[in-house]
Amino acid sequence: MEEDLLAWLLVNYKLAQHRVQLEALKEGCFKDPAVTEATKEALEKIFAELFKEAETMFQPNVKSRSDFFRDIASSGFMTSAEKLAKNDSVLFDRLISIFDRTILRVESKSYATMFETYMTFACEQTVKHPAFSAFGDRIRKAIAYAVSVEFQPINTIGTGYGRARLPFPKNQIRSEILCHGLGAHYMFPGTRTVLDIGGQDTKAIQIDENGIVTNFQMNDRCAAGCGRYLGYIADEMNMGVHELGPIAMKSRKQVRINSTCTVFAGAELRERLSLGEKREDILAGLHRAMILRAMSLLARSGGIDDEFTFTGGVAKNGAATGALRTLVEENYGKKTINISADSIYTGALGAALFAKRDQLGETVNVDLKKLKKQKAAIAA
Amino acid sequence: MTAKKIIEDCEDLYNDLDFTSVKTWKEKTGGKAIGYLPVYVPREIIHAAGMLPVGIMGGGPNLEIIKGDAYFQSYICHIPRSTIELGLLNKLDCMEGFLFPAICDVIRNLSGMWQILFPEKYVRYLDLPQNFDKEIGGEFYRHEMEQLLHDLEELSGNKVTPEKLNRSIGLYNKNRQVIDKLYAMRVAQPHLVLTSDLYLLLRAGNVMDVEDHTRLLEGYMAEVVKEDRKKFDNIRVIVSGAFCEQPPLALIKGLEASGCYIVEDDWVLGARFLQKDVPITADPLEALSDAYLNDSVSTSSKYEDEKEKGKYLVDQVKMLNAGGVIFCAPSFCDPALLERPMLTAALEREKIPHTSFKYAENTGQFSMFREQTGTFADSIKLWGEA
Amino acid sequence: MKKITPAPVAQKDIEKEESMILQKKMIGDHFKRLCTAKEAGKKVVYTFVPGNINELIWALDMLPVHPEINALQSAMRKKSGDYVMEAEKHGHSEDVCTYVKCDIGMLKKGNIGPTGEKLPEPDLLLLSYTGCFTFMKWFELLKQEYKCPVVMLQVPYQANGKIEPKMTDYVVRQLKEKVIPALEQVAGKKLDMNRLSALLESSARAEEDLVAVWDSAKNRPSPIDAYFGGVYYVGPIFSAFRGLPECEEYYKLLRAEVEYRVRHKLGPVTPEGVMKEEKYRIVVEGPPNWTSFREFWKMFYDEGAVVVGASYTKVGGYYDRGFRHDPEKPLESLANYCLGCYTNHNLSSRIDILEKHIKDYDADGFVINSIKSCNSFSAGQLMMMRELEERTGKPGGFIESDLVDPRYFSAANIKNRLESYFQMIEAKRQAAA
């Protein structure tokens, strides 16, 4: 019962987040200078569809298509737009360009102060459920308490690409390499090698028994092999990026793709398709090619040691992890490979651990449970 | 054996990254094998030491690069990564030594990488002279060859006498004569001697004994005339720039299919590097050196002092009645790409049409090349210029 | 490679040492000489920095021009981007060396040198083919433009990690029978061997002082930055001045300044001011980027990273192991000078040199700046990194940029890597403490 309730609250919380962003997207799209009568009509229909779809998308035990609003929204938008503008490529192109412009603004908007709104929405949605309606008041009360609890930050650490723009002193900035190392160590203490494939870059990191980075390599200037590569492929195929993995996993006879060059990816894909190769086989080849790039970074950083932890958005892609497992075993023998559902938070977790560690002067064995107790003590 | 069957066998050799034919040769003869990278090494010396010279031209389109990319940045050409891949996969173990001739900085540095990666192998960087005076560059080259000869004697346990070396020189002279005949035959009947055939025949020479190769070429020429091959209204072109990292076979076929008859090219150039017979004399090293200094081809890894840049290409166009030149060079290839503006300038002075593209040995898409060369061919056909 | 501030903004905060001012004057004077060369009846010889045989050129009263230096100065003056694109418009591939393209582009746009005046055309192209294949193509390309004679000096590669007698002989022979006659013909006079020896004697004295400057980086704090500062320190000796009295004077002065800094425990002078705290001691492999040179340097400065040893400052002459020009054996020592330049060493020797730097200068680690343009440096660097990590136990950092192509300098990317790299060293230190 308790578990069920939490699961429902969680999905409804996600629904709330999704709706707020969808609302922002809708508003933005209508304000776009390229909007005409025809696109307006199409946009109305598309967003009606997207809102409807959202209601059914967030269910307990249903695996989310992606953690990123962009992915979910873009594939839904694309599908609807394609249907509506079946014989009207001008309309289709216009809709897509409106979407592309707007999504950037929606993504960069901050939703940091929305916790209460989201929680309240999640609560109201959840208590509508027959299983919980009898406990409505108790649930509301508990949630109101949770919302009222004030966080008391003990330290702040900035990381990530935008860290240079943070108003923090230098000693409160950590590179995302260090954060990924420490985060991976916390999630899987036996970790010695970390691979992170994110949207913008790929990192191969070696850490010691304390989560301290001993070596790292990042992809070279060429973006081939980053998550963005899959993005290009998805765009080329008119799909959401999260749809690629499942299709690729259907492949029985993978095609060898030699170039992971993002510039040529589209051309290569089209040529393969025109040669009659199957979509899933080509996609399987593309995933392998991408993982091969990661393998060479791993080799540059010093190879793969047990245990090996794979993080970042691409770690959720089954075709990518499948290719990785195969290649790791072929080249380094059997290794423990850790992949967590929360792997996209590894860097953030590492940053938080640095915040805590450096505050308390601890260097090893950071334990979040202790942190909770300390917080309680401070509150008391 | 029909011409078709001969070419099928050659294609098997081309695709065989395990160098089975080298292993077979070694079993049969008990000799050792020496690998060499493009463009030119004096194979006669290797042969005279009772060893098999093996031309290594990268991994081609069929080798998946798993380890090699860890050694090279994305802006370096492809051949060194596939060569390292072959080495790390132990596919080159059947060779006891490796020669890296002076051609560019990448192959030069690869020799140093090889020394470190494969310390148990004989590795030699063969510095070729860029001074073409007999007394100066010739002297230096002679030292290089003497050192090589001495090393190979030690490695093979065979003494290389002038007689043996002259015999080898004779065999390679013969081989080059036959290759020249094959090229002449293609010039005369490009629809009959397909470039893909010719290419595979030359590639076969990389991995087999020189006498066997000569026989193979002769066999093909005797057989191919029996074929009935359709003549197309193609333009005649010269392909330039592909002397080191090789274009995939599919690309070569694609060039022909797009409407071009290739009447001259520079792939597997080492086999044709010397343009005249090396004379049989009492001092065969001197003869080899003289041949290199005086009678070797013009190509961009060689310094050209007196000669007018690109004249050889213009001459070829005129002599072979070609309609244009296709510069087909590997991406990031310093020698070919730095040379290109000088060659195109020479062509433009003579109003000879040309077009350029870049490839990698494992390029997987050909439609854009076909489109480009097809358009090039059409424009020459229609208007007599590109 | 001289002290030119990229933009004419007020930079009062920049501490200028006397040696810097002297170098600036030397370079200014040289360009003045060059611009008036034709009127003064002086002959001009273009030649490359690695394996330059300036003493021979000066001994015959001719003036040397080094096209790489023009290219890098164009980059520091933010002109190189246009020049590179100009060359690409003329059919040069985007894949090849940007020094070449910058030079060709500059030529196509009127050959205006760093001082804003037109550079004189060459009377001779002295192609000293040392450690870089591209040099050969470069002068073949220039030959098409200038129609002047070219003389080739091939310097064999140290493939086996040593200079063999036949290599020295080959170079000496070329000097005697090809290069000197060609130079004499253009100069219109005979080479005076006594004059050459005197110049070489002077070179050796300057070399002695330069080595002492490199050696000073063993101090803590290091009084010099051996890479960013180092490219200024090699300015005179790598470019036009080796063998001249002003070159000797410069190095005497520089050495005295450095010794003063050692005595007073001062860190290196940087464009951002004197380095306050030396947090990291780093060895760098590879040439610098010139288009964002100051920004690049600042990334090290901001982190408290001092470069204590660099391979790039050995491309135009490698003196650390005792080689000096020798007035007693003039041609032989010129040959061995050429043979000894850094990129003429095979990979094993390059690894040895860097390993020795890391150990001698007690470095915390090493950074490889992998240059897209320069295969001579770059091909094999990833393997060098592995070997060095194995041999020294120090971590290697890897960044990518280009010589003079501004399109190939991604500041955010490089900064991210460098910061991560330095933070990694710091985290390791804390863990060890």
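Letters A, B and C name the chains as they come in the text, with residue numbers starting at 1 for each one.
One rule holds in what follows: a contact is a pair of C-beta atoms (placed from the backbone, for glycine too) under 8 Å apart; a residue touches a chain by one contact, two chains touch by 3 or more.
It should be emphasised that the depicted structure is a prediction, and the values quoted were computed from it without experimental measurement.
Among the remaining chains, B is positioned farthest from subunit A, on the basis of C-alpha centroids. More contacting C-beta pairs link the chains of B-C than the other of the two pairs A-C and B-C.
Here the spacing of subunit A and subunit C, counted between their Cα centres, is 46 Å. Chain centres here are Cα averages; for subunit B and subunit C they lie 36 Å apart. Looking at subunit C, residues 370, 372, 382, 400 sit in touch with two or more other chains.
Residues of subunit A in contact with at least two other chains: 220-221, 300.
In subunit B, the residues that touch at least two other chains are 70, 73.
The residues of subunit C lying in touch with subunit B in their complex are 90-93, 95-97, 100, 127, 129, 132-134, 136-138, 140-141, 143-144, 150, 152, 154, 156-157, 159-160, 166, 169-170, 173-174, 177-178, 346-348, 350, 370, 372, 375-376, 378-383, 387, 400. Residues 61, 64-70, 73-74, 360, 362-368 of subunit B are the ones that touch subunit A when the two sit in their complex.
Residues of subunit A that touch subunit C in their complex: 161, 164, 174-178, 208, 210, 212-218, 220-221, 300, 302, 363.
Every residue of subunit B that touches subunit C in the complex is listed here, in rising order: 70-73, 75-76, 80, 102-106, 108-113, 115-117, 124-125, 127, 129-131, 133, 135-137, 139-140, 143, 300-301, 303-305, 309, 331-335, 337-342, 344-345, 358. Looking at the complex, you find that subunit C touches subunit A at residues 370, 372, 382, 385-386, 389, 395-396, 398, 400, 408, 410, 412-413, 415-417, 419-421, 423-424, 427-428, 430-431.
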